[in-house]
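Below are two complexes that have chain A in common, paired first with chain B and then with chain C.
On to the complex of A and B.
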């Protein structure tokens, strides 16, 4: 019993410290790459504004599987009792979406494209039905059609 | 010729001359024990589960390849309006599904 409590507290502590550090680093890297990939425009609309002089379109995808740490999972469980916003999961999904969008943009950049249209973002809980320890891992997929518009100057 | 894959319904500067119907590709994948174990450890500290990301990227490529093969078999040179979907069939296995409309494009 005491040993179990010890392990639990240890995991909470490791989850809290390592989780915070990793999240901070991840968000910093996201901000950095968002600035670098800024010139690639993304649109949720289906058709490009300028339909002339565009190179062959290419489907680009960005995919990431991301999970919350032990501490946040515990806090989220507490939120289930009192209700309200579950902040730990909000930040998880935000990080996942931004990361997926960035990976999609990186692919577009590699193809020398400068805009992506019809961007869809899809989220799937891939650990459905798994044990309680596995809950809290989501897959985010972003995809769209990369095009090059020479009129757009970057 | 390489099949053009896109998730918009028109291709700038090209015309659709023939519509060949829906093509699809799917794959059901599961992760192996080693990856599962590593992901379990990573779950403690949170963050990206690289093993799973790779697995899903590979599987999605596989689903796309199957869709392209089907399109080539019926003589299409483009697949438009492509959609992806993911679902977990049982615990630990995910189905990746890609579908789109096969067409023949001309200038």
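On to the complex of A and C.
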């Protein structure tokens, strides 16, 4: 019993420290890349405002799978008991969403596109934990149609 | 039209957080809630389970397969049958002596195993093992043992213990989110533990008190009765301090029994000859 408690506390501590460090680094990297890829415009609408584009459209996707750390999972489990905003998962999904959009933009940049239309985002919980209620990893997929509009100045 | 990607404010989706402080507060709220819930559950369970009549409890146990209790059936003429009858006679005397409901019949079962133990379980069944019986020096100690277990039956301690255990398993399952199959499986597993129901300190002390009264009424003395506790202490593998144990520590019980015994005449009633004697070379027990 005491040994189990030590293991549990150790896992919580490792999860907390590693989770915080990784989240901080990831968000810093996201901010930096968002600035770099800012000129690539993204639109939720199906067709661009100016349909006189030169390049053939391409499907671009950005996919990311992020795992939740032990500490966040424990805190989320407590929220499951009492209800309320599951804050640890909010930051997890925010990071996933932004990372997926960035990866999609990277693809568009590689195709020499400067705008993406019909952008959609999907999420899926994969690798569930020991019980069906626990989420192990979350997958975020962003996709859209990449185009090159020579008249677009950005 | 001119389009651009503006830098969006981050504090809306990612508000500043203090995860450690948040989780600490959350833990305190959850632990406080669970402790209050379980305290309420533990306080109300005895009242709820005792709404089930003793007859119903006995009927349930009679419907069960009692193999798990290792109960042996023997011919009345055999040695086992003789001991069984003697134990049942003592139990009936105790039930008649103690001022409780005589309709709460107690059935004693003698099990020929080396286990140094005796226990009361659901339906008024009291199990006593040869291992303990052959280590008892006098009838006084045996009566104390039986009276103690019968007191548990009369106080409905087994069904209260089972009720508490079931309530804990059910609430734990509901909180941790196990499926209904898992919960029923766990309850079934615990039903298999009817032979090892645990009673709390108060239940044990109350049973001790009743048992000592019965011994005093029957023999006019408490002398020799505490030998039961010294035997149990001798063969106990672990003696946790009283505050950590659900049972009052044996030394505490010995002290109580000895104090009472010293105020009564020193005479004991021997056990009949057919009660088996300890043939192993165990070291003698000293109080």
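Here, the second predicted complex is superposed on the first by the 145 of 154 C-alpha atoms of A that agree within 3 Å, B and C clash if a C-alpha of one lies under 4 Å from a C-alpha of the other, contacts with A are read in each partner's own complex, and residues count from 1 in each chain.
What we mean here is this: a contact is a pair of C-beta atoms (placed from the backbone, for glycine too) under 8 Å apart; a residue touches a chain by one contact, two chains touch by 3 or more.
The structure presented is a predicted model; accordingly, all values stated were derived computationally and were not measured.
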Overlay on chain A: chain C relative to chain B, clash or fit: fit
Most chain A residues touched (candidates chain B, chain C): B
Which of chain B and chain C A:106 touches, first, second, both or neither: neither
First, second, both or neither for A:117, with chain B first and chain C second: first
Partner chain in contact with A:87 - chain B first, chain C second, else both or neither: second
Chain C versus chain B - closest C-alpha approach in the superposed model, Å: 14
Overlap of the chain B and chain C footprints on chain A, listed as residue numbers: 133
Chain A to chain B touching residues, read off their complex: 11, 14-15, 18-19, 22-23, 26, 46-48, 51-54, 56-59, 61, 63-70, 72, 92, 99, 117-118, 120, 122, 124-130, 133-134, 136-137, 139, 141, 143-145, 147
Residue ranges of chain B touching chain A (in the complex, touch as defined): 4-13, 39-40, 42-49, 52-53, 56-57, 60, 82-88, 90-92, 94
Residue ranges of chain A touching chain C (in the complex, touch as defined): 16, 20, 27, 34-35, 38-42, 49, 71, 74-75, 78-82, 87-88, 90-91, 94, 115, 131-133, 152-154
Chain C - residues contacting chain A, complex: 1-5, 7, 13-14, 17, 19-20, 22-23, 26-27, 29-30, 33, 175-178
